């Protein structure tokens, strides 16, 4: 399915100088400067950062703190667009070396949807990646922008090869969703290095390792149940590869880089067209008359997108990024960022304002938790501030999928409580970090 | 008669023998397995309040007592016991205790509550830190009390409650001045104030006057009327917020009269 | 320290059941009736008074290494005496209190007071303390016994005299069985705590 | 002897002294109370027997055979009136109750046709349940009833079981029946 | 315009505590109606008395202790109704009144109210009144199902709930609709169902061994004992047992939250009920047995906390410890999955 | 010596005459040490051990010293002295030889001296005229009964920390309410088992 571009150019775009985890970019434009589409306006000041580009052609109004969809205020470049589509010159770099690609990725502003700049995932400091995964199970956007499914598939494989090249990894895999017939069809029989691939189902203890050997290829496509949640990386890695990621560590610690479809595509575009990451595809739910996939410029306020669609009732809640993992917004002035994948509008009636009751131990949350936690217990412990016990119950393993809160008949804000506890634990550890940080790092790479 | 006395002698012999056996055993055992315990620790545990609240920062009263003896904790380290207990511990350890003996209670430095507008409706767990994690809190004022009672939950003595005005209130009969609420508040709304300190500014906002007026009807706008009118020069407005120097304040109440926002309060 | 307030303290603040929470076994086990409660308290009072007096009198002589064994011997002596006297001269009560008379030995109240009070105070105050604690114990036991007996049998019969008799016999057998003891003391403690919390919040 | 060696001796000495004193005190109490205790038991039995068979002037114990220790147990008593006639038999019988052993006292007339009465010497039944076997109401049911009626009403007798304590009631009835049977055999 | 802010998830299922209670009340309606039809006015009186008392008590307590009044969630009414259904029709009217009061005041609120209680308030009250006024609470009879018509209408019903097996089947529907969790009732039922057969089986095997039988075929043939539906088995199918399985044991606060724990709990309930039934009767056995099982719920729950993903089981830990002894160069090869 | 099957004695000790719930012996530790599971387990282990030891030692003292001398009236005082000495001795021996065990049990040992359940076992043994094996079995089974209830109680109280309980009920009253229920369950349930 093809995505539609949002035609109307907004009256004002707000481009946050931080759309990724890590250090905030430094603005390299100031009030009154003219900018072109694709022009770099924010420069990374450290490795753990990613550059920011203008998505419109216009004049910088100011550089000031503005609301950011993650809830707080962030220094942003505010631009008054003009009715012009003038871009800077895009230079494709089809045969860049691996080192050049790293720089290219940082300069093109490619980041993962979960925040990490993609080059830091592929080239983590002091770690070696041997396996690159493209996770397309959680993606709400599959195949958009491509004429045929086969084109999508072959471009994805090409993107995977690029990612592997950057990481210096010997193996790569694309993971699709089991129930996503379209994608499975697209990838079925796609040729890699002259060999037709089969989409390999991951069941039980049969994980990637088995199929690499089975299919005799260093690049494969596998299918997997959908896993969603905000913190799925470790669980995803474990499920797909069988490598255990210790609590407090991430997949790079076991040599796995997990990328998304979007960043893979962005890399492909950057290499083959020279275009930086300045527009993105999002979906809008809860409205009528919107295309399912919408191509918008980064920095477009939600307001303009909502206006482009029709919403018949009073808007009660605006959520950026999915009902389960998204952040509710208190203003519709917030801009689309690189990590925005969808906007959800809920009417006043739909907005849940149930009063939480005491847990009735119905165990529905226990039954749905994909990582076998005991959410009811965790929520009580978090509520009582017993964070140490939360940690003993492996609260950090929670993938923040929110299923527990969805099914709870007592309407307990389980996920919020869990995040509250995780936050408190992280802070406690941050305080202790100066003394132990070297040990903590050792703790990840040692063992499995 | 002889029968009775021989009966008595026999019983005395049996029990005496038992006593002897037990005595010898205990003496032998207690000499062989002597454990050094510090009697001072026991004595200090006696004088501590025994709430095991952990406000001293240690794992309960016994732990604190041991640390005091080992000089790992200050003599006046128990906030619940306060000055009296510190004096007693000092007596046990033969040390002089200096410090004020006056009672201090948490003071709420914000008068916003329902007077402060909300930026959005919040639905979630009742906790100020949790609201802070979502969009920096619901109040229009980024400095003020959020009234979601993190301090209430932190208090082990049920001494704080959120009142009708949406602000915390401290019940001085129950408060032990342990300070846990002060540590818990994410916005530093609570501070200790002595009972003798009568006049207080009930605002912590450093926003400019206009911004304050937009969101709150009782916030400090930094108009400096109080500073100008204070006969003792006890008030200074810094960064759009009036601050009272309690050492200079005589409690005359003029500032309370002149403040256009009713931000200054006389207890 | 004045004797009267020391005495009262044993009934109120240092009440052995609600304040110190000691000696629960006899409290629960024998309170099937007021009569048993009185008998048990009398036995305990006797032992407590003598134990406190003797411990206090000998406190300078008792070497701390064998403090506990000596306390126990002193206490056990008086308990045995109560046991024998009761068996010989008050057989019906002895039948009812059964195994609990010997168990006064390990009743935590007595060891507890010997340790915490008599070992530190003079004979007179130890005596007063013992009286106060005993009175507190007696009152609580009678209260619990009264509630259980009244609800369980509809009347309170003590030493042959019917003190109270309900017009309608509730006959709650459970109250006389072990659960009734737990239920009664639990409810009473909840009420005591509730009142205390209320008083504290009002300032006091 | 050095100081540190002397101290333990003093301690042990004190311990022994206390023990000896305790023993003395106990011994002194024991002697009168044990005498009283024996009297109590005899008096209690007398009173119970007298209560069961008021007409009897004297109770002649019937002794059993010598046991291993050369002592002879009292099996039961013959109740004898003024003129020396046997008017009935009285007995104590231990029997398992609901919670523990109970000792029942009973009396039957000389012709083994009527039960004269029942009493409970000791029992461990649940207070409020089984312990109601000692109540006058329950005991009254055994007063002057034909021996044939000595059974619970559920099995055709005249004794109504206590509510909630069928086992105790049954135990009392069983104890009576067994012992009366024994006596009948012995007298025959 | 002010929007609502909340933490994710932003959409939740419709199910609520009151909808669960309402569905349970609804599921109990058929059996209540049939019991009124069968026992007449006394049954109606008992049901009304218990429900009304429960509701009034709940209201009173929440008023006195200044709590929010939660009558609307239907929990008090449900407790009252369940208690009424466990009363014999011959009981005097004050009995359900006292029972319902006890259930709400002590069983529910003294333990902290909704979700906090450890023992099922219905059973708390039932056991209390059963032992306090055993005469009135003795079931009129101990039924066991005979011919087919007993499923529709049990003539020998001892308690109201036992009046009709069919009328209890809405409880099964609740399991199907996931208002009730399936692990407890299924393990419970299977345990009760097979208890007597297992006993017979074990006795038979012991018997054969004692006889010195060597032929394995004879041992195999003992398996047929499981198919033999003996007399006792029909107790597993009587109303009160089924009521216990569907409505009492499944009360969520009183059963463990862990998956394994719920299985163990179901089996424990089954064993306790069957053992009591074996020596005594199944009516008291069901209620005393589940009540006792409530007491070990916390123990089961605490011992069956699940291992989360990637967490090592005991086996793996032992393996790991052994691996630590092996040089690390070898180790990497062994553990790496790909 | 009375005739009584060991199994009957065992069932009585563990369930039917459970020390904590039915006989009311050892309640102070029951409400005191059941706040967390580990302490309850430690205390229970120590109690089983001491009960068995005390049953043994007191049998010897009673039947080989007091009875031959006709000094039965000294039973109470000698038992308590023996128990106190025994507990101390156990403490010393364990501390010296099994320090790991001492660290987990040590703090509970002194508590047991004044635990009436131990003395209760000894006195009930004398009262029931049990023989040696019977006494020891009764001691152990009483200890097991104690343990079962302690563990049930501790688990329940641990779980209770996760739920709301009115402030004035929290703590002891709550412990008693739980005991009420456990006691009601035990009293009514185990009644049925014939022994």
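All chains are identified by letter, namely A, B, C, D, E and F, in their written order; residue positions are counted from 1 within each chain.
Please note the rule applied: a residue touches a chain if its C-beta (ideal position, glycine included) is under 8 Å from a C-beta of that chain, and two chains touch if they have at least 3 such contacts.
Predicted model, so just to flag it, every value in this text is computed and none were measured.
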Item to check | Touch-network distance, subunit C to subunit E, counted in steps | outcome: 1
Next on the checklist: Spelling it out: a chain qualifies if it touches subunit D and also touches subunit E; which chains qualify?
Outcome noted: B, C, F
Checklist outcome for this item: So the chain most remote from subunit A by C-alpha centre is D
Next on the checklist: Going by C-alpha centres, which chain would you call the most central?
Outcome noted: E
Checklist entry - Looking at E-F and A-F, which one has the bigger number of contacting C-beta pairs? => result E-F
Next on the checklist: For subunit C versus subunit F, what separation do you get between their C-alpha means, in angstrom?
Outcome noted: 22
Checklist outcome for this item: Here the gap between subunit B and subunit F, centre to centre from mean Cα coordinates and rounded to Å, is 42
Checklist entry - subunit D to subunit F: how many Å between their CA centres? => result 31
Checklist entry - Approximately how many whole Å separate the CA-defined centres of subunit A and subunit D? => result 87
Next on the checklist: Give the residues of subunit F touching no fewer than two other chains, as numbers and ranges.
Outcome noted: 73-74, 77, 81, 84-85, 163-164, 166-167, 169, 174, 177, 180-181, 184, 187
Item to check | Shared interface positions of subunit A, touching two or more other chains | outcome: 327-330, 351-353, 358-359, 377, 413, 416, 419
Checklist entry - Could you say which residues in subunit B touch two or more other chains, in rising order? => result 11, 14-15, 18-19, 22-23, 26-27, 119-121, 123-125, 130, 133-135, 158
Checklist entry - Can you name every pair of chains that touch? => result A-B, A-E, A-F, B-C, B-D, B-E, B-F, C-D, C-E, C-F, D-E, D-F, E-F
Next on the checklist: Which residues of subunit E touch subunit F once you look at their complex with the stated criterion?
Outcome noted: 65, 106, 109-113, 115-116, 118-119, 124, 127-128, 130-131, 272, 275-276, 279-280, 284-285, 288-289, 291-292, 294-296, 298-299, 301-302
Checklist entry - Mind pulling up the subunit C residues that touch subunit B in the complex? => result 65-66, 69, 73, 200-204
Checklist outcome for this item: Seen from subunit E, its contact residues with subunit C in the complex are 106, 110, 128, 131-134
Checklist entry - Which residues, counting only subunit E, touch subunit D once they are in their complex? => result 134-135
Checklist entry - Where on subunit A does subunit F make contact in their complex? => result 358-359, 377, 380-381, 384
